[in-house]
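Just passing along the structure, written as structure tokens.
Chain naming follows the written order as A, B, C and D, and within any one chain the residues start at number 1.
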Amino acid sequence: MSGSIYGKVFTVSTFGESHGRAVGVIVDGVTPGIELDERDIQGELDRRRPGQSAVTTQRKESDTVQLMSGVFAGKTTGTPLMMLIFNEDQRSADYGAIKDLFRPGHADYTYAMKYGIRDYRGSGRASGRETAARVAAGAVAKKLLAAKGIKILAFTAAVGKLRAEKYCADEIERNPVRTADPDAAPGMIELIRQAAAEQNSVGGVVECRISGVPAGIGEPVFDKLDAELAKAALSIGGVKGIEFGAGFGAAEMTGRQHNDEMTPAGFKSNHAGGIIGGISTGEEIIFRVAVKPTSSIAQAQRTVDVNGREAVCEIRGRHDPCLCPRLVPVLEAMSALVLVDLIKQHAALRG
Amino acid sequence: MSGSIYGKVFTVSTFGESHGRAVGVIVDGVTPGIELDERDIQGELDRRRPGQSAVTTQRKESDTVQLMSGVFAGKTTGTPLMMLIFNEDQRSADYGAIKDLFRPGHADYTYAMKYGIRDYRGSGRASGRETAARVAAGAVAKKLLAAKGIKILAFTAAVGKLRAEKYCADEIERNPVRTADPDAAPGMIELIRQAAAEQNSVGGVVECRISGVPAGIGEPVFDKLDAELAKAALSIGGVKGIEFGAGFGAAEMTGRQHNDEMTPAGFKSNHAGGIIGGISTGEEIIFRVAVKPTSSIAQAQRTVDVNGREAVCEIRGRHDPCLCPRLVPVLEAMSALVLVDLIKQHAALRG
Amino acid sequence: MSGSIYGKVFTVSTFGESHGRAVGVIVDGVTPGIELDERDIQGELDRRRPGQSAVTTQRKESDTVQLMSGVFAGKTTGTPLMMLIFNEDQRSADYGAIKDLFRPGHADYTYAMKYGIRDYRGSGRASGRETAARVAAGAVAKKLLAAKGIKILAFTAAVGKLRAEKYCADEIERNPVRTADPDAAPGMIELIRQAAAEQNSVGGVVECRISGVPAGIGEPVFDKLDAELAKAALSIGGVKGIEFGAGFGAAEMTGRQHNDEMTPAGFKSNHAGGIIGGISTGEEIIFRVAVKPTSSIAQAQRTVDVNGREAVCEIRGRHDPCLCPRLVPVLEAMSALVLVDLIKQHAALRG
Amino acid sequence: MSGSIYGKVFTVSTFGESHGRAVGVIVDGVTPGIELDERDIQGELDRRRPGQSAVTTQRKESDTVQLMSGVFAGKTTGTPLMMLIFNEDQRSADYGAIKDLFRPGHADYTYAMKYGIRDYRGSGRASGRETAARVAAGAVAKKLLAAKGIKILAFTAAVGKLRAEKYCADEIERNPVRTADPDAAPGMIELIRQAAAEQNSVGGVVECRISGVPAGIGEPVFDKLDAELAKAALSIGGVKGIEFGAGFGAAEMTGRQHNDEMTPAGFKSNHAGGIIGGISTGEEIIFRVAVKPTSSIAQAQRTVDVNGREAVCEIRGRHDPCLCPRLVPVLEAMSALVLVDLIKQHAALRG
């Protein structure tokens, strides 16, 4: 595997499996002289950790971060930051029953095909646990962005067919499903509880809005802002699609409808989602990601074992019945990593 | 701009503007000893070039490719291939009227914000003409993939609200709109003609299917196969979204519905679109991209000039009323570049 | 700082300062299925650690490595390896006296100029301690190379003006100065002791020989084997030059003298040092690096303080009077990282 | 081959063989708004081209550059620059006699081992002709550096055992051997003529001095300024070693001698060669490279043919009897590429 590094000048390298000793990340290319302490990072990790509410997995991990390098006297030194999170709840026993089975919808099979290794403890590197490292790195990126007035907010925009109809930024952290529509929250929670009760899971949509990005960020023609955000989003386990601005809706529009006219006061609309030609327009950046229903369900499913023989698999671990609430901070983190890297690349252009 | 290079071990570097002297590409990391001549590349370029049918722009460019290096005695040598395409139809005069205007929906504004430069000839580097270089590079990648039994086919899956309902691979190149559904073709063509007649444009969806990819391709956790395909697709001008397999539909499914069960005979379904955990499953890879309606329309639109003053813009150039038919070979090319790079990276894993 | 990552497909990311909590490294792109345990790594670290002999610094660090990820059931999984080494002997007090001074010959000044930060504890990131991470990563690389029959041996080829005249590979680890010439060892040791006694230091030369590399490794034109080895060697603190084969001696030769003639039995000589045109010839790879005398000496030296005022600096820490003996395993490690990365890149060429 | 790209944010991609249609380069990451025309580039190419004086090869190439993209209205646009140089003198006939032989000291053998291809025309990609692309790219880099007050001057510091003893910058371009010591020039020229008369060749040393670089440039720990310069220099065909400041001489010095003391007026000496800890000190950057004698000599040499059979090789082409005079602009170009890339990376640090 050589894909565990993201970024060209602001670079993150992650490591760790769900049932190994630890997960963590090195962040290189950090602006020196920025105030940073472990609480900045812990706050974001607490939003991602399991067991935080009734709609998430009841697995217990404190996800306590330790900042091992790159900070002196409370400030970044410009040298690499290493952030370490020890794994605590390593009940590998939970996995005994499926030790030799490929779980449907799961990366068990593809990892085995790629690496020739069957690490049956949790999901090894393919586990959602790996995203803790992303969130830790993203917390640093968010700190750098905040100093530039850039704010990233993601929220659950749909659970199953139930969509958020309102956008109330302040409500997001006030409901366990992390939706921006307080009226939709109870229904979403109910949908998730019902799926859990049926030993099933449910998909959803997470939307991300980024304000304060100046016009000019993004590196055409391959490293466009939307291209990098798409890569970053699709690199998160469970994400199956992304759309910017009008997105798939744009496919049904005419140019007259879709084009965002300009006036001396600014753009009249934002169908583009804040990015044109792969470069930020200065408008709010808006995109949505499709999140598949959690693969791990307790219902009996047909599968094969590692020897290719027919089998039935009933997954007994503790899993999120809907990935969206905990994916919200992960998507924010990945977006922050993309933005800091491209903002620094833009600085290099004239440097 | 430092974003004109794609790929880690199979690397393409493109250059060129719509109204400069030429566009082209260097391909590095080419397998040595492969038979290659200019006709292999020209065939793909002919599928992309303007003026090829009634539903595309009537601008004339022969897009004749010259292979300048990397081939000796009809075979690749392993050294960089340089492919050069001179620009012929440089009617910059067409652009006089909009010289100082920012065209709505166009990258004029964002490029000016980023580079502080106003290159009003065509769209400079933001022009779709840049994709000729991608198609040339993609033709080389396709040649390498074909030798491994991998086949990439894209087609127009929707124009506006009209969707292809059938998939007949052989039909794609038999209709000018490049849809796989011959019954839908006449309606799609009519929609495009109508948009053109109204000095308007129309969006659509392009789907891509890739067969023959063995299980195991893709580099978690950041350089996943779907993440790289998403980046590649979103780097194409006009693409506003992408979804894999069930895609946004997965958001409305349960785990029971979405999980692809396995039997000794293989997967029972392919909601995953051939990729799980960022690694190919061995099933067909399927994804769709949302294509916005062409920004350049002849209708009068409100805009501002380079001094921020109110203006009206009427674009008189010759533009595609729908981007989909010509985007088909571009999406195939980008997909081929992604696959070759990741297949070679996978070879490095055990190398 | 964005320079803490080395390698394209076999990638190492290091972190850590001399007086922070830990140093360490993530290694990505590791071949899966290779037997690896902490003892493989510890053995190499023990060769580098301080306090191992009379000619090295008496600072005490056990340099105990912990392997945090990437290994399951005693074998590599193909996922990133994280190796962590806690710092133990953090006597920052030693540095109080020079807290505000720039030590001559030291990176204090340049780091302060670059990062605007003065981390006076030890040398922060510029400390030789950082090389422990390289040695840990190199131990993994050596393991991969050993399986291919590739062996890397470095040794002290000169201390001051005293040169090794013989090459006895088995002798290297038998004398504390790590020279391959047992007859020269006592004199070298005496030179180092004398320098130490005079509160001074002494330079030297370290030579590296690599056997078993097949012909064909190296990626022209920029990522040539010798170019990458030169980068890797010069990235080690204290190295001021490198030469391959006849090296600077080649400058005084004629083509007739320097050219290595070939016969059916192989090359008749190896003035090239095993690399021609940036690609391995299959002969032994041989290069030498110039090592400057340790900057940190206890003698009084003229300098300036952080405010630019005249000052006298007397360094009271515990330092190696000659860098060569401990640089030997570091140079081997860096060479191993280069080779594994280029061997894997070569595999990608035909992949 | 995947090594034809150099640079992280200021990136050059080169292509072309000695006897193909053309050589050239794409430069990406160029600062927008800089005045640039073909004459800026041609001037540097004229310093490198063959046939310019009595001590260089008499092969004729005008090396006329064409700037194909990235410039509008006389200024860089920030988009990729493509520079193309057609090959004119393609007398492949000269090579008929050695078609099946591996020339001693030449990359014939290693390229054949690596790529499985025998491109016998000239030296294919391994030819010195490839450096024309580097010089073209370097000319752009020099233009960017000149605007920052940075000046790069290389010169022949030794031919065989004859060394330049003086440094007169203005004299370098006034003698065909490009030495900075006008008194040594006649002797050097005589040595080269004598080697040519004997159908032999002679090695030498080229020194490079760079003034005006501010303190703080270079990215520890792997991408140090000296590490990148070493890689860049060793990537040039014929270079077998490099040393910075006191270089190999430092190996024979004590710390007391080598340390550059500081006073309020600045450094008292520059044994470090302007780089400490991999970061520029603000002093002049000084390094020297060892240049091997040209491999191509007309004398009969023992070799093998492509089937491994004994053979005698007499090379009848037209070759430089000493590489140094024409290597001077190439070393400057590579140094310029390194500096611009690292200066831009440094800008990204705080960006």
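Keep this in mind: contacts are C-beta pairs under 8 Å (C-beta built on N, C-alpha and C of every residue); 3 or more make two chains touch, one makes a residue touch a chain.
Here the structure is a predicted model, which is why all the values come from computation and not from measurement.
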*asked:* From the centre of subunit D, which other chain's Cα mean sits the farthest off?
replied: A
*So which has more C-beta pairs touching, A-D or A-B?*
A-B
*Counting in whole Å, what is the centre-to-centre distance of subunit A and subunit C, each centre being its mean C-alpha position?*
38
*asked:* Nearest whole angstrom, what separates the Cα centre of subunit A from the Cα centre of subunit B?
replied: 26
*asked:* Nearest whole angstrom, what separates the Cα centre of subunit A from the Cα centre of subunit D?
replied: 46
*Which residues does subunit C have that touch at least 2 chains other than itself?*
1-5, 9-10, 14, 29, 32, 78, 114-115, 125, 345-346, 348-349
*Where on subunit B does subunit C make contact in their complex?*
8-10, 29, 31-32, 78, 343-351
*Okay, in this complex, where on subunit D does subunit B touch?*
1-5, 9-11, 13-17, 20-24, 26, 28-30, 32-33, 66, 68-70, 72, 75, 77-82, 84, 114-117, 119, 121, 124-125
*Tell me, which parts of subunit D touch subunit C in their complex?*
1-6, 14, 102, 104-107, 109-111, 113-115, 125-126, 130, 158, 160-161, 195, 200-205, 214-224, 226-235, 237, 240-264, 268, 272-273, 275-282, 290-297, 299, 301-304, 308-310, 345-346, 348-349
